[in-house]
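Both complexes shown next keep chain A, but they swap its partner, so chain B is in the first and chain C is in the second.
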Partner chain A sequence: MTAKITLILLLAGLGYSWEEIKGIAIMQGFAGLNLFAIFLLMALGLSVIFGQMKVINMAHGEFMTMGAYTTVLLSWLCETHAPGLLTWYFPVAMVAAFFVAGAVGFLTEWAIIRHLYKRPLDTLLATWGLSMIFQEAFRQIAGARETSATMPEWLMGSFQPFEGVDIPINGVFLLSACLVLTGLVVANLYYTRTGLRVRATVLNRDMAGAVGINTTMTDRMTFALGCGIAGVAGCAFTTVGSISPSAGGLYIVDTFMVVVFGGAGSIVGTILAAFGIAQAQSVLEFFLSGVLAKVFVLGAVVVILMIRPQGLIASKIRK
Partner chain B sequence: MSITTTSTPRTGMLSRVLRSIAATCAVIGSAAAMEDGWANPVLDKFPTATVNTTGLATGDHWVTVGQLHSVTGTMAISETGSVEAERLAIKQINDMGGVLGRKIKIVQEDGASDWPTFAEKAKKLLIKDKVGTVFGCWTSASRKAVLPIFEKENGMLYYPTFYEGLEASKNVIYTGQEATQQILWGLDWAHKEKGAKTFFLIGSDYIWPRTSNKIARIHIEKKLQGCKVVGEEYYPLGHTNFNSLINKVKLAKPDVIYSVVVGGSNVAWYKQLKAAGITGASLEKDKRLLLTISTTEDEVRGIGGENVEGFFACMKYFQSLPNENNIKFVAAFNEMYKDKYSGKASIGDVTQAAYLGPWLWKATVEKAGSFDISKISAASGGIEYKEAPEGYVRIHDKNNHLWSKARLGKMRLDGQFDVIAESPELIEPNPYPEGYK
Partner chain C sequence: MLSVKNLCVSYGESVVIRDLSFEVKKNETVAIMGRNGMGKTTLMKSLIGVHKTRGGSIMLDGKELAGTESYRRVKAGLGFVPQGRQIFSALSVEDNIRTGLETAKVKKIEEWVYTTFPILKEFRHRKGGNLSGGQQQQLAIARALVSGPKVLLLDEPTEGIQPSIIKDIARTLNDLKQMRDLTIVVSEQVLSFTLAIADRILVIEAGAIVREDARASVDEATISKYLSV
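On to the complex of A and B.
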């Protein structure tokens, strides 16, 4: 709020009309929300995996890319075989992205991760290697060039609530997708039997096993869920950006920053961190420049983590 | 890696991959046959002992050249087109009987988008493979990494990308434009033809966009009457969120949005511009425009024509150029890579510049009557290539860059460009521009 007021005062000082200032303030506010949606979508899957399972999944970005490529593949299939479906393929692509990335995640857990639960640092190395294997696989199968999915008409352009204000439709879509997905994840973790089993396993694996929870299966499903969410995020990102085999690498640093800053293990923390970082970055980008904004945001995150190493919201895990 | 050939970079779906592997096998087969069956008709006139006095890998019937691009890693996206264009030129030269009666064999190495790897592979090509010349590099960083090696080992490099200038080596032929050739004329056009007064400069954050914008700013402020720069912004490579920047642009209302955004960021940048209501048509309505020097047909394919329609680009080459050379070139390119692109290849500025490399080298070797590097280097000045798809080009006598025209293209929905203006004369390359530092 303070930021908004400062913004308005500053711009008024520069000789812009009230209408312009109002328009920019609204659009800039929305830009912040948009970035928040992107950060949260990226971090949600990782928050489940890193937060709940303490597995450092360096291949998280590649699961996103996988979801994005699934979307591209579907859009390509629609375009070549059934152009009529192009309008409504996107929701189907989101579900498909979830299941493709989730299934690969399921296999990954079975093949690699489950052998490494006792050696958390080695998961970092193993999943990093995995990320490179995925990247090369994408490059071989889909080609090295940037591609993007064909967007249905209704996802492009902007709507103008009033003169001088353009709200991007893909941004609105991203934000709604993000809210729905977060709602589903929270509901699943806190209000279902599955979520209860996940949380029980995290808190005390031995005891959870003793009361009859299949902890192996719980781990596998949790990992698959996290990867599936990453897939949906990747699908959603095709509305704003492009896909290349190495695109996942661009997101991974920001993703870890959000999750660690929020406090590993806390979904609420992840949401808060995504919101805080996104707003700070967006406002700074407007008043300073892109590169400086990044420097200041990273600097602030480092300082805050020094003061509060457990992140914004500390998880209550028995050590 | 075998001397004759390596696989071509692959794209497309799985079936296309398989087909291209099959095609590659065919290439290997024909290369082997050529080596055995080919007789050099001009061997008496150009005996190996006189055309190769420095121990290059060149015999009576063949000459070896190197190809050094990234076919893996981030840059593979951009460099693939160059690899393909160079291979096309070499194939055509071989079909015409080769160079001094010798057919060209390619040793391809992968720089893997990693600059130390480029340096290492350059060393290998020059010292172990003893290639007659190298066609390669794309980014300035990779060129800077291999430059000391080419100068120390005395090799030749044909470098295809438009770049920031401030370099002229006797061991490099620059077949792309240096900064002033691409920037100044385009800005003059925007000012004179479109009456532009205010400019907002935007770039990815590394040396080429920064140097380009520096030159642009000096030109706008000092050379153009009553013009000014109302903003200058850089974003990291790969950045995908431009909403704040777009709001700033909206507020500043520049006559020209001058974009030097590169790589994957391009897609996000244009998609978000469109989503924020900034399109070619909306700008034109207000007598404003977006002018870029970093977006070619290659990039537009990934961005989607619907996101860039009506924007302008200043390049030396567009795929839609109507001249006869270019029509032949585009047809030959589509023919050679028909399995991969099904006749719909996107050919950008750099791809065309890469295509010039082998032809210029051939002309130079023929003028020098020798494959020796020092003789080629000395003979390069003044070499002409009249069949260039971009039209006539000539190597500058002193700085090894090309004289070339500048052109303005307006982007179309189908990803091609309408050429709407062209510099009347060839523009002299000037890699060390006075007054632009």
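On to the complex of A and C.
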């Protein structure tokens, strides 16, 4: 809010009319909301994996890319074999992206992660290596060039709520998908038996086993869920951008920043951090270059984390 | 009912439990007593599977449990109340109890839980970590009981609990033993509490059982010598 008021005052000082200021504020605000949706979609999965399991998954971006390529593949299949299905393939692609990325995540936990739970730095190295393997695999299978999914007609175009303000429909869809997915993740974590297993295992792994929870399977399912969410993020990402083998890696630093800034393990913190960082970045990008905007945001996050190391939201429990 | 034979447990190369054997009959309460560092907690953790055993056998109703994961032991009929309670601090009281329902047939908290521990009903929406020590102990016992165990393992349940509450815990355990048809194995250092609940007392020294007494024949002075520092 402060950032938006600053933007308005600055624009007024630069000689823009009130109508122009309103238009710019809405457009920049919406661009910030789009960025917020991408950050949050990426960070949700990471919040589950890093926040709940304390696993530093450097390959998280590649699980997003996997979901995006799944969408591209389905769009290509529809285009070449069943053009009639192109209108409604996208919801199916979202589910498929979840299951493909989730299934690979399940296997990754079984093959690599479970051996490294007590060695977080080794997990970082192992998943970084895995991210490179995935990137090379994408390059070999889909090619090095950027590609994109064919969007159904209902996802294209824009609408004008006011004179001079264009809101893209794909952006609205991205935001809606983000809100729905966040709701589903929160509901799963806090209102289901699966969520209870996850929370108990996070709090005390040995004790969770000693009350009858299969912690090995809980870990595997949690990791798969986080990867599946990244897959859905990738699918949603195809509505606003093209995809390349290294696309996921571009967002990994921002995503970790969101999760740590929000307070590891706090979904509410993750939402607040994603919103704050995205809006600040969007506003700053209007005045500065994209790189400088990132530098300023990163600097601000570092300063805030020095003052408040636990992040924005921390649980208040007697130790 | 519970048969432990030639159990060996080690931390790295140091052997903490060596060739330890004992048997517990159905509906019996057996107390394992000893000073700090004699292997009580290691033994309890090994029985529930939190600590891996190096050798030996743990049989429950003829089923071998050694080498299996903790959750399988709970499924087989063991319940565990750990030293220091180890409540899931960030979960509500109700959710803490619900974690114990994982292997239960009915996944619902039955009324007897709140009848036995009324304070848990009153504080059911409060975070487990925000309860007092005595309340947490009740929660830990309730959490272990809802899985419907045949054998309840309690590791130093009186540790950090004020004397008036200790008497309540002893009374509750005796009542529960009758009501829930329980067999109990408890590790303890407080002799008065042990005498209030145990049918038999085993003394552990340096990871081995060195003495066994039925409650009727317990010589308090002799047992106290094994407990004093």
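Just so we're on the same page, the second predicted complex is superposed on the first by the 298 of 319 C-alpha atoms of A that agree within 3 Å, B and C clash if a C-alpha of one lies under 4 Å from a C-alpha of the other, contacts with A are read in each partner's own complex, and residues count from 1 in each chain.
Going forward, contacts are C-beta pairs under 8 Å (C-beta built on N, C-alpha and C of every residue); 3 or more make two chains touch, one makes a residue touch a chain.
Quick caveat, the model's predicted, so the values are computed rather than measured.
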| item | value |
| --- | --- |
| Chain C versus chain B on the shared chain A, clash or fit after superposition | fit |
| Between chain B and chain C, more extensive residue contact with chain A | B |
| Which superposed partner A:Asn170 touches (first chain B, second chain C, both, neither) | first |
| Touched partner set for A:Gly290, first chain B, second chain C, both or neither | first |
| Touched partner set for A:Ala200, first chain B, second chain C, both or neither | second |
| Partner chain(s) touched by A:Asn188 [first = chain B, second = chain C, both, neither] | neither |
| First (chain B), second (chain C), both or neither touched by A:Gln310 | neither |
| Partner chain in contact with A:Ser246 - chain B first, chain C second, else both or neither | first |
| First (chain B), second (chain C), both or neither touched by A:Gly212 | second |
| Inter-centroid angle chain B-chain A-chain C after superposition on A [Cα, multiple of 10°] | 140 |
| Touched partner set for A:Gln279, first chain B, second chain C, both or neither | neither |
| Smallest separation in angstrom, by C-alpha atoms, between chain B and chain C in the superposition | 38 |
| Residues of chain A that lie at the interface with chain B and also at the interface with chain C | none |
| Residues of chain A defined as touching chain B within the complex | 11, 16, 20, 24, 27-28, 30-31, 34-35, 38, 136, 139-148, 150-151, 156-158, 160, 166, 168-171, 237, 239-242, 244, 246-247, 250, 282-283, 285-286, 289-291, 293-294 |
| Chain A contact footprint on chain B (complex, rising order) | 9-14, 17, 71-74, 76-77, 80, 205, 233-236, 238-241, 243-248, 250-251, 263-264, 266-268, 271-272, 274-277, 298-299, 301-304, 306 |
| Touching residues on chain A, where the partner in the complex is chain C | 193, 196-197, 199-200, 203-204, 206-216, 315, 317-319 |
| Of chain C, residues touching chain A in the complex | 48-50, 69-71, 74-75, 80, 82, 86, 88-91, 95, 98-100, 102-103, 107, 127, 129-130, 143-144, 147 |
